[in-house]
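Two complexes, one shared chain (subunit A), two partners (subunit B, subunit C).
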Partner chain A sequence: MSQPILRAQGLGLRYGSLRAVHNVNLSLDEGECLAIVGESGSGKSTLLSLLAGQQQPHEGEVAYCDRSGMWLNLNTLDERDRRRLARTEWGFVRQHAQATLHPHVSAGGHIGERLMGLGARHYGEIRKTAQQWMARVEMDPSRVDESPSRFSGGMQQRLQLIANLVTSPRLVLMDEPTTGLDVSVQAKLLDLLKRLQEELGLATIIVTHDLGVARLLADQVLVMVRGEVVERGLVDQVFDDPQHPYTQQLVTSVL
Partner chain B sequence: MTPQLPFAYLDDQTKRMIRRALLKAVALPGHQVPFASREMPLPYGWGTGGIQVTAAVLGPEDVLKVIDQGADDTTNAVNIRRFFALTTGIETTTTTAEATVIQTRHRIPEHPLKAGQIMVFQVPIPEPLRWIEPRSEETRRMHALRDYGPMQVKLYEDITQHGTIATSYDYPVMVNEHTLMSPSPIPKFDNPKLHQSPALMLFGAGREKRVYAVPPYTDVRSLDFDDYPFEVQRWPQACAICGADNHYLDEIIVDDAGTREMVCSDTDACRARQDQT
Partner chain C sequence: MNPVLELAPLNKQFTLHTQGGRTLEVLQGIELQVSAGECLSLQSPSGSGKSTILRCITGHYLPGPGSHVLLRPRALAHRGLDGALIDLAQANLHTLRLARQFHIAYVSQFLRVIPRVSTLSLVMQPMLREGLAPDQAEPLASSLLERLHLPSALWLLAPKTFSGGEQQRVNIAIALAACLVRPRELILLDEPTASLDQANRDVVTALLKDLRDAGAAMIGAFHDHDTHERLATRTQEVH
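Moving on to the complex of A and B:
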C-alpha cells in the first residue's frame, strides 16, 4: 500500500466513569478502507468522532497527513484549519441523511455548499457541477432544483455523499451509511461506494454493525467491545478465522 | 423640556455604556457588539435599539430627523422625534441636509449624506446568519472564522427558486471585505448608499441587545454571483407626485376603485423636488 494518511495513538475518551474508547491505535493508508465493527454502545461512533477531530480525546492523539505531505495533530489544530480540512480533504457521512440536509435548500444548494464555502461565485457553474455529480451517482440531474425532502432515503444518502465528494476529499468517514435503508437500496448504495472508492482513490473509515458491509468495502477491520479493540486484521482473515470469542460470536450469528 | 428627566431620557451611566459599545463597533466595522439594552417607553420592534443609540449620541447642538419607511410624518417617526424634542429640547427637522443625526427605519434618505452626519438604524434581527444557524454560539464562531458559505447558499436558493436573487430588503453585505453584516430591513435599493458613505452609520437592536457600525468611507459590498450580479430595484414609471425617476417608490391605493399610484417613499426628497419644479 501507499503512504499513511491518518494515525491514532493511545486514543481514549471517558463519559464520566464509563470508558467509551480506551487505548485505540490505528493507521490508515491512502486509498485504504477500514471498517470498525461492534455492537451498539461499543464506542464505534465515539471513535469516529475522535478521528474526525470533532471531539477532543482525554488520552492519545490523532494525526493527519495533508495533501502537501505535512503531518497535522488534530488535537492541537486551529479551529479554522480544522474546518478548512473538513471542507476540502475530508468527508463525513452520517447515518441519517435528513439530519444533515436542509429542507429549504435544493439538492444543488447542498452539493454547492462546500464549493461556495471555498469561494465559488458562479451560479451556473456550481449548478452544472452539482448535476454532473448527480449523474455520476445515478440520480436524475433534472431534479437538481428540488428539495431533498422529496427524495427517497437512498437518494438522500447519495446526495449527502456527493455533497461531501464535490471537493474531492482524500478521506471519508462514514457512520452506518446503509443502516435504515431497505435491502435492495442498500445493495445499490454499497455498489456505488465500492465504485467511488476505486475511481477516486478514497481512504475510508466506515462504522457498521453489518459484517456484510465490512466484508464488501473494507480492506481491514477493527472489532470493538466496550471501547476496546479486541481484534484487528485483514477482513477475510478476521472473518474467516476469528480469534476473539466476541468476534466468533459475531461471525456465527450472521452465518 | 421636561425638567425631571435626564437629557435624552437615559441616565449618564447608560449613555456612557452605549457609547463605549459604539466606539468598539466603529473600531470593528460590521461586528456586532453586545450592550446592556434598557427598557424604553415603547415596545420592542418599534425602535428601542435605534432610540437608545440616538440618545447616546445626541448633544445639545444636534439637529434630529426621524423617518419611518422614508416618511417624516408617520406615527413612529413623529413620536420618536417629539420624544427627543421633549427630553432634550434640541432642534428637529425633516430636511435631510439640515440634520446632524437621522434615526431611520427601513430607508436611507435619497439626498446624499455628508461628512459629520450620523445615521441611526433600527434593527430587528442583527444576525445575518440566523436563518441557517439558530445557535448564537455557532454564528459567532462562523463570524470569527469568516465561514460565510451558508449565506451564499441562501442567495443560490433564491436564484434556484425565483430565477433571480429575490431578496429585496435586508440584503446581506460584506463590510470592509471582512465581516458579513445585515444592513437592517432597508430595501436593497439603499445598499449602494452604504458603500464609501461620508456619514457614520450606527445600527441598534434593542431586543437582541447588539450595536454595530459602518464608519465613514468604508467598503460595503452586497453579496452576489458572477453570473447574477447585484442589482437594485427599478420602476417603469416615475413618482406620480414629483416626477422623480431615481427615487425608491411605494405603491399606494388612492381611491375606493383601487387606483394605484407609485410615489416616493422619501417624503422630504419628494417635497424638495416638487419645490424645484
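Moving on to the complex of A and C:
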C-alpha cells in the first residue's frame, strides 16, 4: 500500500512555438487521487494524454510501476505493451461519454468488450458480470441490452466508467468526467466515484476546472497556468493556503 | 523522553496577492515541544495564531521559510512512516500524506464533510481505512457516537442540519475514529469544546483524557477554562 505507481519528470510538449506543457514533475501513489486544475487552455488535457502515453513528450519521461512491481518507461514502451497496459492496468474516462460509446453496441456489449479483450468467451458469464457492475453503480441491470443512446448523460457516464472498471484497472485517468451534467446528477456521480475509489483502492488522475470536484475527490492537486505547474500540494493545503497569485484568485472566485 | 513533535522554530506569513500583495506576519520563531502523554495548551488572545500553528503542523498551511516541524513517528509495520525523525516542513507529499493518515489526528474547529453522507458512515470511514470490516466498524462507530451523547435517531442522517454542538461532536468522532482502531501519537485540538454545553463538554473531555493517558501527545487551543484545566499538563503562551 502507498507505493508509487506513476512518476513524471521534466515533462514537456510544444505545439509549434507554443509550450503546451512545460517541465512538469509529479508522483502518484497507489490508491491516491491527483486532481489537475487550471483554466481552459492551460494544458491540463495535454498533460493527461502525456501521462497516459497517448502522446510522446518532447522532453522528460513518464514511468509506471505495473502489478508485478516493475517500472516501465512509457516513452520507450512498444505499442503492443502500451496497449496491453491500457487494457489491463489503466482506464480512461472522457468528458463526453458519447464519443466512446457506439449506438449500435448494447450497454452490456460495451462492458463486455474489455473482458473479451482479455480472453473472456463465455457469453452468459460476461452478461452476468456486466449486470453486476450496472447494479453496483445504480444502473438498472435489466437495461443491459439497450443502446447507450437511450441512456441519460449521467447514466452514459456511469456506463463509460464501468466499461473501464470491469477489468480491475489500478489507475484511472479522467478528463472532466462530470462537466456538462446537471448539478444533482454530478453530485451523485461524484459520490459514486468517491465510493469506488475507496472500495477498489484505485489510483486516479482527474482533470477538472471545478475546485469542488477536486476538493471532494483528490488527495493531491496540481495547479496549471499556461502549461506550467505553478502549485502542487495536498488538496486542503492548496485550497486553504494557496501560494500562487493564480491559485489565490481561483480559490477566492469560488467561495 | 524524546518529544513526539517539536517546532524548531515555526514561522508563518501570508501574502495576499489578490489584495495588493499585502503580507501578514502571523507567526515568528514559535518554538515548542510535546511528548507522549502530555497535553500542551496554547494560550493567547483570539486571532494570534493558535489555529495557524495547528494547521501548519498538519500541513493544511504551508510552514514558512526557516521552519522545522519535527515529528518522531512510531514505526509501523508495512505502512505509515518508518520511525525516523522527519521534518514535515521539508517533507514531500508522500511523507506528508502518510504522516497525516497514520500518525496525526486533527480535530478541526468546524465540521466540513460531504453533505450527503450519513453520520454513521462518516465515522465508520476512517475505521474502514484502518482495515476493519464493516461489521466490526459499525459497532465501534456506534459506541463512539453513543459515548459522545449523540442521539441514535441522528446516526443515519447527514450532519448538515444538526445543531452546532451536535456537529462539533460528529467532527470529533470522525477525527478520532481511527485512533480507536490504532492510536495516533499526535492529536491536535482546535477548540474541541467551543460550542458544547457543560454535560457534553464533560464527555468530550473524558474521551480526550483517555487518549492522552493512553500515551498520545496533544496540542490544543482551548478557549474554555474548564477544558484547559482538565486536559492540559503544560501551558505555553503564544505571541
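One rule holds in what follows: the second predicted complex is superposed on the first by the 254 of 255 C-alpha atoms of A that agree within 3 Å, B and C clash if a C-alpha of one lies under 4 Å from a C-alpha of the other, contacts with A are read in each partner's own complex, and residues count from 1 in each chain.
Throughout what follows, a residue touches a chain if its C-beta (ideal position, glycine included) is under 8 Å from a C-beta of that chain, and two chains touch if they have at least 3 such contacts.
Model, not experiment: these values are computed from the prediction.
Undergrad: Just subunit B (first), just subunit C (second), both, or neither: which does A:Glu32 touch?
TA: So A:Glu32 only meets subunit C here.
Undergrad: Should A:Thr76 be classified as contacting the first partner (subunit B), the second (subunit C), both, or neither?
TA: Neither subunit B nor subunit C is touched by A:Thr76.
Undergrad: Using the touch definition from the top, say if A:Gln237 reaches subunit B (first), subunit C (second), both or neither.
TA: It touches subunit C, and subunit B stays clear.
Undergrad: For A:Ser184, using the defined touch cut-off, is the partner it touches subunit B, subunit C, both, or neither? Pick first, second, both or neither.
TA: Once the two structures are laid over each other on A, A:Ser184 reaches no partner at all.
Undergrad: Scan A:Ser142 for contacts with subunit B and subunit C and give back first, second, both or neither.
TA: Neither partner.
Undergrad: Is A:Ser68 touching the first partner subunit B, the second partner subunit C, both, or neither of them?
TA: neither
Undergrad: Would you sort A:Ser17 into first (subunit B), second (subunit C), both or neither based on which partner it touches?
TA: neither
Undergrad: Should A:Gln220 be classified as contacting the first partner (subunit B), the second (subunit C), both, or neither?
TA: Only subunit C is touched by A:Gln220; subunit B is not.
Undergrad: Could you tell me if A:Thr252 is touching subunit B, subunit C, both of them or neither one (first, second, both, neither)?
TA: Only subunit C; A:Thr252 stays clear of subunit B.
Undergrad: Which subunit A residues are contacted by subunit C in one complex and by subunit B in the other?
TA: Residues common to the subunit A contacts of subunit C and of subunit B do not exist here, since the sets are disjoint.
Undergrad: For a test of understanding, state which residues of subunit B touch subunit A in their complex under the given definition.
TA: Within the complex, subunit B touches subunit A at residues 132, 141, 145, 147-150, 152-153, 156-157, 159-161, 224-228.
Undergrad: Across the complex, what residues on subunit A touch subunit B?
TA: 79-80, 83, 102, 104-106, 108-109, 112-114, 116-118, 121-124, 126-127, 145
Undergrad: Under the definition above, what is the set of subunit C residues touching subunit A in their complex?
TA: 14-18, 55, 59-62, 78-79, 92-94, 96-98, 100, 114, 116-117, 125, 128-129
Undergrad: Where on subunit A is subunit C touching in the complex?
TA: 1-2, 4, 27, 29, 32, 187, 191, 194, 198, 216, 219-220, 232-234, 236-237, 240-241, 243-245, 248-249, 252
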